[in-house]
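Common to both upcoming complexes is chain A, partnered first by chain B, then by chain C.
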Partner chain A sequence: MSVFESREIFKEVIVGFFNLLGDTPLVADKLMASKMVIRFIYSDPDLAVVVDCSGDAMDVRPDDTDTKALVEMSMKADIAHKFWFGKVNLTMALTRRQMVAKGPIPKILKLLPAIKPSYAMYPKYLDENGYSQYNIH
Partner chain B sequence: MGGYAGNLLYVDLTNGQVQVKPLDMAFARENIGGLGIGTRIFLDLIKDKPQFEALSADNPFILMTGPLTGCGMDATARWSVCSKSPLTGYWGDANVGGHFGSRLKLAGYDGIVITGAAEKPVCLFINDQEVELRDASEYWGKDVYATTDALTKDFRDQSSKPGQVLTIGPAGEKQVRFANLINKKGHAAGRTGLGAVWGAKKLKAIYVAGSGELDIAQPEKLKALRKELKEVYADSIYISSIQSAGTPAHLDVGIIAGDIPIKNWQMSDWDEIDELGPASIEEKIHAGDRTCYACTVACKKNAEVKEGPFKTPKGPGPEYETVAAFGTMCLNSDIESVAKANEICNRYGLDTISCGATIAFAIDCFEDGLLTTQETDGLELRWGNSAAIVAMAEKIGKNEGFGAILAKGSVKAAEHIGKGADQYLTTVKGLESPMHDPRNTHGLGLAFGVSPRGACHEASLVYEVEGGAMYIPELPELAEDLPEGSRGRARLNVACQDYGMFFSHCAIFCNLGAAPLNATQAVAMLNHVTGFDYTLDEVMKIGRRIWYLKRGLTNLFGARAKDDRLPARLMTPLNEGPTQGSVPDMELMLKAFYKLRGLDEDGLPQEAVLRELGLADLADLLYPEAEQTALSSKEV
Partner chain C sequence: MLPEFYQFHHPTKVIYGEGLVNDFAHELEELGVKNYFIVSDHVLNGLGLIQQIREGLEEAGFTITGEFYDVPQDASVEAVESISRQATDSGAQGLIAIGGGSVMDATKAANVIFSEGGDLVEDYSGAATLTRTLKPFIAIPTTAGTGSENTIIAMIYDVANKTKLAFSDKYLLPDLAVLDPVMSQSMPPGLTASTGMDALTHAVESYLGVDTSPHSEALAVAAIKYIFKYLVRATQKGDDLDARGGMLIAANMAGSSFSHSMVGCVHAMAHAVGGLTRVPHGVANAILLPHGMEYNFDVCKEKFAELAPVMGVDVTGKSIDEAARGAIAAVRDLGRQLYALDALPVRLRDAGVPEESLPAIAEAATEDGTIVYNPREVMAEEILVHLKNAY
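And now, the complex of A and B:
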């Protein structure tokens, strides 16, 4: 059984978190510097979210399947949830295709140092926004 | 039969004789190549006199390619060396890429067996069938770069094709215990100090030029496999990452998991890590790409520091292990100083892991007041003092001042310093741990502990499998999703040792460039190249035998169960960071491992296990009383 009961709940949680990252200069400044447009394609529950760093501010657009993205990251919602806790062995997930990345890999990998602070932010975000039942820390 | 050149060179440095002996194909099939063949020959050479000093003429040195070396496929340029280690006193081996191995095959030789010791410096000249020992007095004292350039130039006119040079630097000549052997200025047979073995033998270098071709038994099948693998490689993010950033790509990934040792293993997270990471390397020192023979992965990078205190001419750049050893381990975030330390190690011929780790150990001693500038030749060995770190690396290479103390390795240095300095050691069986933290992946802790050559992340494939870079669906133990912690890791280790002995020690695939291959593809490549008909089950059995052989040799040189433990530094839980509170349960894992491997309480393979594997010679050496009893009953 997946962690999130419904698509709506997962959408609320993940979009809210991406928006928080966009409002956090420590993370957002480096992501914005990449100028990348990334589409996350989640399954179980199914959801597509575009994180657009090409403008002046980070734009998070759920259900956007039209925008041409430089990078597409596909994974189960549960894997994404674990990832933001820093609990996913990234190398293993990519090798075993639990996460599939399409696009310029070196550019994707350059984002890793940028998102590192977000691992500490995610559990706090869940607790502070009424999602503490999903906090596995 | 394809893949093999078909000959071995036997070089006796004491009497100057060189002999060419045909490689027995039944023997080759039984042991595949690389350390599979090297360990067998080593055992045969020492079994009549198994106790000897590593830096004596009695210590054989064996260089072996594998059947894939030089076959032209990606990630198959590697070859191996083995001998008794002057750093640890136990079994020593090292694995290296570059171009030397393939050139040796094209000259007509699968390996070189070197015995004895010369009275004055010599080098071995190989140009196809022309093989001779030559006076190397004029090269003795030159660094690796100068020797490589000089021999390449001096011998070019006497060679059918341009040659490759494998050489030691001044560190090897002075028998620094972690001196290495280097091909093409940056491809190092790094670990366990086998450069010092050459120094003791007064062997400065081997030059090889070859004009032959390597036969491939089933070229059409190999071509089809190449096509299949092209897609596998194109789809591999792991390959993309090392192609773009080289092995330092791991700095971005490893820090998330807590795999990178920082401040001599006292931290697993650090605000300044990005100063050493791929982005910083690209901005400050990157100077182009390099590759091993015929490998399109091209994970090697050049480095250059154009100005400043760490000015470094363009040359082979630091690998991940080097960045961590001289960077994170020493709390040194100056990537230019790491490039300089790397160049010093390459020129002097020093293993960067042991060198950086030994300096980090010395800094720890200095910071805690066990050393002062009086002992360290005036150098303030403080965390992050990049100038002092670089200066000490050079002193080690020169074997001078306090550098001469550290040049014996951190264990001997701790004995010299006293005052409890051993609490700062990071060694297993005398070998400094590589830059991967078992508090992140517990199975790696067991791998470090039971590795025959001492703390090592490449003695099996545990690091690659548990760390996630390799996935072998044909072997359940290498495909399981193990829970966090130490459970199941003994079984993982056994399978990763057996498969790893086949994969990276005998066939000699590169653990990095060949990471995307599954077992079916790996065995198929070996069969297509050699024409043999190995099965996965068969190569696992061969791998198992080779593992016991290496384990038995290290036991023969004195290692026992107590030497399978991790040092206190690696067993101390950290208070923060990704591995907070985590330490491997070594007792749990060792108990299960000993049972699975049939090791006795002393850590020795049981006699029956060895005999069943066809290792009667080794059993006789480890159990001389049993052999004597058997002989006596025969006489009766």
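And now, the complex of A and C:
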């Protein structure tokens, strides 16, 4: 059984967290410097989210399946959830096909150090926004 | 300490033997197809090496439907598309790559669209984008460096966008790798030395990296042992088939090792040097390897100390620090021996790197994808110190 019981809940959680990252200069500045447009394609529950760093501020667009993204990352929602706890090794997940990355891999890998602070932010975000039932303690 | 999790996946059959390229047709029987398209380069064809292989396969009842010899030094998207198109038009059912890293990478990538159709860049660049086994693919390396015949990676140059595209997928691995020392004996000393040091860099960085595992370590150690035993000999005397064979095996093992555990800051610096100054990848790695080891010294000294005896250092009575320093000195000494043979530069200035480019190289190195595997965070200002030392 997947962690998130519905698409709506998962969308609220993940979009809210991306928006928080966009408002956190420590993370957002480096993501914005990449100028990348990334589409996350989640399954179980199904959801597409575009994180657009090509403008002046990070733009998070759920259900955007039209924008041409430089990178597309596909994974189960549960893997995404674990990833933001810092519990998924991206390269290992790619090797094990838990994630599929379409696009320039070196640019994706380059962002890993930039998003490191977000691993501590995610559990705190869940607790502070009424999603503590999804927290891994 | 054991890793929390790792996996080792190695479906490629590796066969080794002197003169094997004239006698491997029976290995192809189990792949189930008869029509093959050859990808190689004009130099090898000019040496008559392709003709031998073609004749051997034809005598065994296989058909060579066509040949492609125009892979550029940096395997390009255009070359990959041409290979796929020509192989398809010729009625081929499988591909044979005979050459160095560019030829093998181009053929690996070509097999993707040859097997699956579609657009190489749009549909397949990235990691784990394939969903099933591709058409039969045989790799016969003629250099002992990249180990591409044993890696899940193909690097392809996108000329239009001036970027290197990475393709990473277990389905890219060849079905069969044929290691025949006869095929590499025509390599000139400079190329022998630089490709061999590239293989050494793969092995050392894979051994140190954050994703290392017991399997990848074992292969790295064996590769390092062989490189220290055979590289100078192969460079000195190209027709020493034992040395050529030892280096082919070493590069193959180092390839498998880094295909699982990746590389680190030496490659980050070498990619930056190559991108900004066009110094060949193996030469840049050869110069920068001891400096990258210095950079990682504090966090890797135990591992360097483990490698020291493998590199021929007598560690009797030595402390960890002393043994670790011995490993770095051994790598420097190997570089100097190759320099003495006029096969390699040991300083960036001698490779034609302008001094004023060093800050840009340091900056570019910190933006390379390989830094995430380095055991220590890669900082531009600290990397610059080591680049200056290498200058």
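Definition applied: the second predicted complex is superposed on the first by the 137 of 137 C-alpha atoms of A that agree within 3 Å, B and C clash if a C-alpha of one lies under 4 Å from a C-alpha of the other, contacts with A are read in each partner's own complex, and residues count from 1 in each chain.
The definition used in the following text is that a contact is a pair of C-beta atoms (placed from the backbone, for glycine too) under 8 Å apart; a residue touches a chain by one contact, two chains touch by 3 or more.
Please read all numbers here as calculations on a predicted model, not as lab measurements.
**Q** Quick one: is A:106 in contact with chain B, with chain C, with both, or with neither? Answer first, second, both or neither.
**A** A:106 contacts both chain B and chain C.
**Q** Quick check for you: in the superposed arrangement, does A:95 touch first (chain B), second (chain C), both or neither?
**A** After superposing on A, A:95 lies in contact with both chain B and chain C.
**Q** Kindly classify A:119 by the partners it touches after superposition: chain B alone (first), chain C alone (second), both, or neither?
**A** Once the two structures are laid over each other on A, A:119 reaches chain B alone.
**Q** Answer with first, second, both or neither: which of chain B and chain C does A:25 touch in the superposed model?
**A** neither
**Q** Look at A:86 in the shared chain and tell me whether it touches chain B only, chain C only, both, or neither; answer first, second, both or neither.
**A** First partner only.
**Q** Chain B or chain C: which reaches more residues on chain A?
**A** Comparing touch counts on chain A for chain B and chain C gives C.
**Q** Is there a shared patch on chain A that both chain B and chain C touch, and which residues make it up?
**A** 89, 91-92, 94-96, 101, 105-106, 109-110, 112-113
**Q** Could you list, by residue number, the parts of chain B that touch chain A in their complex?
**A** Those in contact with chain A are residues 236-238, 240-241, 244-245, 249, 252-253, 255-257, 273-274, 277-279, 467-471, 515, 578.
**Q** Per the contact definition, I'd like the list of chain A residues that touch chain C in the complex.
**A** Within the complex, chain A touches chain C at residues 71-72, 89, 91-92, 94-97, 99-110, 112-113.
**Q** Can you check the complex and tell me which residues of chain C touch chain A?
**A** 5-7, 9, 123-129, 152, 163-166, 168, 170, 211, 260, 262, 367-373, 377
**Q** Hey, which residues of chain A end up touching chain B in the complex?
**A** So the residues of chain A in touch with chain B come to 86, 89-96, 101, 105-106, 109-110, 112-113, 116, 119.
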